[in-house]
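Chain IDs A, B, C and D follow the sequence of writing; residue 1 opens each chain.
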Amino acid sequence: MAFEKFQDFLSGLVKRQRGFFSGAEKDSIEKLVERLMGSEGEVSGIVTARQVLDRFQELDDEQKLLFFQNLEQNFNANPVMVRLAFEAYDKDPSSLNLGTLSKASEPLRHELLRRLNQTPGATHDLVGMRADLLGYLKTHPELLAVDNDFVRLFTSWFGRGFLELRTINWGTSAAVLERIIRYEAVHAIKDWDDLRSRIDPPNRRCFAFFHPALVDEPLIFVEVALTGEVPESIAAILEEQAGDFIGDEFRTAVFYSISNCQPGLRNISFGNFLIKQVVQELQVEFPSIKTFVTLSPVPGFGRWLLSEEEGTDAAPAGDTEEGKKHKEARQSAALLEAKRRLAALPVTEEMAKEHGDEIRSLVFHYLTAARKGKYPLDPVARFHLGNGASLYRIHAHADISKKGLSQARGAMVNYLYDLGSIEMNHEAFANEGRVKYSDKLKALAIKG
Amino acid sequence: MAFEKFQDFLSGLVKRQRGFFSGAEKDSIEKLVERLMGSEGEVSGIVTARQVLDRFQELDDEQKLLFFQNLEQNFNANPVMVRLAFEAYDKDPSSLNLGTLSKASEPLRHELLRRLNQTPGATHDLVGMRADLLGYLKTHPELLAVDNDFVRLFTSWFGRGFLELRTINWGTSAAVLERIIRYEAVHAIKDWDDLRSRIDPPNRRCFAFFHPALVDEPLIFVEVALTGEVPESIAAILEEQAGDFIGDEFRTAVFYSISNCQPGLRNISFGNFLIKQVVQELQVEFPSIKTFVTLSPVPGFGRWLLSEEEGTDAAPAGDTEEGKKHKEARQSAALLEAKRRLAALPVTEEMAKEHGDEIRSLVFHYLTAARKGKYPLDPVARFHLGNGASLYRIHAHADISKKGLSQARGAMVNYLYDLGSIEMNHEAFANEGRVKYSDKLKALAIKG
Amino acid sequence: MAFEKFQDFLSGLVKRQRGFFSGAEKDSIEKLVERLMGSEGEVSGIVTARQVLDRFQELDDEQKLLFFQNLEQNFNANPVMVRLAFEAYDKDPSSLNLGTLSKASEPLRHELLRRLNQTPGATHDLVGMRADLLGYLKTHPELLAVDNDFVRLFTSWFGRGFLELRTINWGTSAAVLERIIRYEAVHAIKDWDDLRSRIDPPNRRCFAFFHPALVDEPLIFVEVALTGEVPESIAAILEEQAGDFIGDEFRTAVFYSISNCQPGLRNISFGNFLIKQVVQELQVEFPSIKTFVTLSPVPGFGRWLLSEEEGTDAAPAGDTEEGKKHKEARQSAALLEAKRRLAALPVTEEMAKEHGDEIRSLVFHYLTAARKGKYPLDPVARFHLGNGASLYRIHAHADISKKGLSQARGAMVNYLYDLGSIEMNHEAFANEGRVKYSDKLKALAIKG
Amino acid sequence: MAFEKFQDFLSGLVKRQRGFFSGAEKDSIEKLVERLMGSEGEVSGIVTARQVLDRFQELDDEQKLLFFQNLEQNFNANPVMVRLAFEAYDKDPSSLNLGTLSKASEPLRHELLRRLNQTPGATHDLVGMRADLLGYLKTHPELLAVDNDFVRLFTSWFGRGFLELRTINWGTSAAVLERIIRYEAVHAIKDWDDLRSRIDPPNRRCFAFFHPALVDEPLIFVEVALTGEVPESIAAILEEQAGDFIGDEFRTAVFYSISNCQPGLRNISFGNFLIKQVVQELQVEFPSIKTFVTLSPVPGFGRWLLSEEEGTDAAPAGDTEEGKKHKEARQSAALLEAKRRLAALPVTEEMAKEHGDEIRSLVFHYLTAARKGKYPLDPVARFHLGNGASLYRIHAHADISKKGLSQARGAMVNYLYDLGSIEMNHEAFANEGRVKYSDKLKALAIKG
């Protein structure tokens, strides 16, 4: 009954103010969680939830691990109830019996997370809690069960329908901008002047997704440069003086940096939505822009170059056209020779300048043929091609920062978001792993 | 992999605009749902979701029933997968195996609802869809399984942490105010002037909960009158001229109307939070207010009066003090006689005036002793006592509208929200069904 | 010195709260004004200003007149100072001497109004004060001097640069919408449903100017219907069902009602800005709209029809082309005959229907030839033609309300706002009184 | 007539977009101003105003001077009209005749400024224009007449009733915060981190006045520290770690920096309002704060110390009590000796530390007895005492920055804003120049 399940909002707050729980304040987090879930837990749930979340933040690493292990071990289900529910379902697999089984086998962690989420600010704290949890997964794989529960709930809470797209500019609050500086993961923002040069000029735009329960906290953001031509290097964007293209008509929008902000929302993907919605926003504002491209790093190229692998760790299925091409590539002595040659060269700007053609050829091969399962090895390629983008241009000597040289010998690529073909590209990629690329790139193929 | 699970936002929208789906537009809702869920369903999910929701609204009653029956029959789980997951769990009830079972036994309806909720405006449409569903439950009880899935998801989406309290006043948009007029369920609002008299004067307040995904749609609202004394009739509030108490110091806040706005959110309870948070808001704004009471109807009194039941359909457990009192009440010949006498009288304002004492005595008995299970029979009493309020005053001749006379012979009651004792009241009520009432009411007890 | 001229904000407020001025509260408004202006008046100016404004509102008509007469007689200038300043200027007409004279001859009322305007909400009260003042001007023409001072200050305060254009729709606050209902002066809004039908449908728009110091108070607003064709009657707009044109492409925007909201701002003109800015807003939102017209009454036609005047009370200057045409019109026996015939007919809907051609001919003559000075006699014509609009269409049987028949025998007209020619039209009108009209209307000329 | 005086908003903009004025663009600013004011100037006023303002910003110093000289010489009044108006007034000094004279003698510059202010963004540009003008006043004193006209209009436009108080915090837009950094005039803000430490911690507050027509442009702002005790040095505030007093109850609010932001609004005073309104805001938010003080520099002390003056440049009038005391002070040999001694010492931190008592005595004397006319010599003292504050504490070794040592030998003072006595203090100060100081300070008097 509804009236039996409520949480006492104010009474709890009042007690808390009065130090009613002052004794209880010293309770362990386990005790607090127990109180939150206990049969009498209905009372003062909101204040107890707040206490649990506050207490969690005071724990040291050891204690946090214990907390998660407690969740893993003691917040599962009642095996007897599960068995009874399954037997009823097994006898009569009705939808009602399925519902009963589904409820019986729902880990108690779900209810705990929902109860915690009743208190103001809880969503923010729970996202932080999962960020902590992720740190333990490698060494304590059994905690994956706990993480799975976070993922299931977050997927529900952070559904596309609940997100809000906002423009980030010089009129945005410092509280948000400060986080943009902090969260930028691709091309670091040095200071507030650098930030301003990315969001304030007429030829720069920045967009972010927000969730109503995470005030001032962007989930993901993308930085865009509006240009005439497709730029050939990141320096052309980051160092370009604002205003160079002003007065000019913009013809190209370049997504040059996409950063996830919340480690605790890993694998709760927003990036695909973000880019496509931003494309639409920009089309409305600038009808003259016809080309939407990224300027993306090729983070896995360097490692692949130095690896002994032939080029892919698995062939696409069957003897499709695509499959045949890959096989050839794999067998190509010319490719292996080209890899070895480039791998032997010093990782310097000069090399990047002089050997542009070789680098572009190998990057082309790497992005189109090097595979993990049926999909490209490169994570950025997987992301954009999976979104339905196609490979558009490959630039050598495009990012000569230390990181750029080490990761990709200075190469960067454009992925093209063409709304007319994005649907088909996605399907061909998702089903067959096919990589769409522009005709111009064909000349880069390595002949055996 | 994340890139395999995305929804094509723009590409879908673009196609839709171009009439790409113009042929598909004629697909049945079943086909559309299939496409949304199908293995290739990852593509253009957002636009398909929108199509499903639009199509649903065009269906007639018959077709909607078929749609829900389709959900009930064909969106359950794979029994083989469920059995395999259960057997693994039965052998080793690890948290990971439980997670696998939980996922395997999750009705496919959950995923359907989540996918539908990706498109803008979907939450609003899904709440409407459930409102439709509720209409079929009586005649098609098997659809309860579908409703349970709605409830589980809505409970997650509409958690307390996602709600926003807003003040409703004359500065609120007409789009919201129009809904306040429409949704008022207790004391109908006649027109915009009547509305203004409830939200604009300095001695009136109105608060509502909103959810970010339901723009301009209040979930629940409460109307409050700020007064000197506790009022003894609803007319004193609804007809009182604004300003009567202005200049005076407010000492009492009266919650005289609480209305749920969304039939599709039935049983997703917000009322308990709302009242308590409003108490807190008012305490901050008006430190002089010390008494927070409702002015509530007694909707079940009339029916109980005419019933043959002795007074309760079940005794509280054991021989507690409370239990003994109830037993006495039940056995009381005096009570039965009093019920019969009042039941025989005409249901008129004059009667309500003349027999005030008898009415108050019987209402007191009804609220404190008449039970359904261990809790009071009266639904409004259950709600407020369950929140931790106590029974404070009983007024005869307080609501002489036709409805008021028929439901409660003109009686109304105050429930008191005293933050200092709300916690204890709730616990005593939740655990033992104990009804806390003020000392003054004791004199109303019927002596046998 | 600046530090000598300040107003004690808080100290005054505090005293006021403490009833420090409780004795002084009984001072007459003259005393209060004296205190505000007096040499010690620098102290607590803000609170005294508030007292003056509050006291004024309590005055009865007689007392208000006395207040204004006091302003007229005792808040002028020091004649000795004026003489000295003039003599200095007369001897040496330097800019500094002019400044001194300008200050010396500035009526003390200016300083009084500025001091009054320092207190929160003062602008609103001063606009109301002038509205009261206007009521006395006819019987007390000497108060015109006071009114001139209000006009000079309001012209400065309500300059175009300080106004804000806002869209009025169903998302606007009830506090503003209530005023739209109240202030609509052309086609009365019956109730909130009627209001909604004018601002909520996709083919309706409403825009208003606001001033930051007049919260929730529109200064002027215009109602717009978006249509396919230019409508031929007001009923087609007011009774048309919303949605009739929806889906259709809008080609025409019709300004069918413009209302000034603040009687106290009479002659502080905003209407010309409003229409032109709205034209621009609509062009951006609806590129398909090419025609911007009013649907306007002809308020002076009825009176002119019944008058003995030949057709104009003054000829345009000189023997311009325009002048000659007017002269002919004036001398035309045919015109006089046509006037007499129509004037003799009953003022009924049937007549309006049957005699459409005669009515349209005479309205055309009235609007193009009947003059007051060099400008048209009709005030609405003066307004729109002065803005640079041209006369576009004349409709008979277009407003068959009692008012419409009496004022204009049911006729209404469209004035066209064509941004390409508005500048030239205005200049020709302002300089020579020339009325631009569309070629189609030529056929309506009365031949003598 | 109103319809003759309008400005063509859109038509002008449209022409401008079409390059209609492309020839005219090369017109000199004099031509543009002439067009704006000319008899046909009514047309396209808004666009011409924008052109004048844009053109002005392109002028070099020489050209700007010419522009202002043009304003000074050619935008005065018609001497014939002035004479006629004066003669009429002289014969009959009626309020109407005064009005006519006032209008006739109003410098044409007023109308020019009002016309310029019709275009969007004009107020901002005009404030900037006056800032430029101020730079020429010293060398071209005749331009004072132009400045007087700016002051008269700005006083009207920036009246207290049009200003808006806003809180500045970490949620404020970067566009505003950037200006706070730039405009801070007392204790420079080094960078964004320094800014954050002044506006974000719970024991810091910042408030600013804004005008609706100057978007994102603060007019004046004050920085406040909330503390337990009255701080004895500026370092205690600027270097104190946020949080030191958190948890503690605030008892004191310290206004440690007030900065005017707009040079173009010099002498349009807002500071007195600001402090008092902020006192009120803080009293509501923190009832525990009972003491409101500044922590102020003593900028004129160093110069006075080195001057030959006896102590004041003028005695207060008459033989008032105050007057006698000053006279004594003036004649005091002890004072002169003390001044000479301190003036001879090196201006170092060590000196400031060792000679604290002498410094405090002399600062006390300087603030209470050194006069310019009847008011204190020190400008900061004049400002706060003129506001009704009193001298509360004098701290030696309180600002040991180079500037602090040079200006005031390291001394700072607290002025107390006590709402109960602010009114009386102000009056005693304004009328008699009396400086109110706390009893504790009496001990600092120099005995002769």
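Definition applied: a contact is a pair of C-beta atoms (placed from the backbone, for glycine too) under 8 Å apart; a residue touches a chain by one contact, two chains touch by 3 or more.
Bear in mind the structure is a predicted one, so any value in this text is a computation, not a measurement.
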Between chain pairs A-D and A-B, which one is joined by a greater number of C-beta pairs in contact?
A-B
Where chain A and chain C are represented by their mean Cα positions, the distance between them in whole Å:
58
I'd like to verify one number: the distance from the centre of chain A to the centre of chain B, where each centre is the average of its C-alpha atoms, in whole angstrom.
38
How many angstrom between the C-alpha centroids of chain D and chain A?
51
Can you work out from the touch definition every pair of chains that touches here?
A-B, A-D, B-C, C-D
Would you mind writing out the residues of chain D in touch with chain C in their complex?
1-15, 40, 42-44, 46, 72-73, 76-77, 79, 82-83, 86, 89-90, 93-96, 98-99, 101-103, 105-107, 114, 117-123, 142, 144-146, 148-149, 152-153, 155-157, 159-162, 164, 212-213, 267, 269, 272-273, 276-277, 279-280, 375, 382-383, 385-388, 419-420, 422-423, 426-427, 430-431
Which part of chain C faces chain B closely enough to touch in the complex?
170-175, 177-178, 191-192, 196, 216
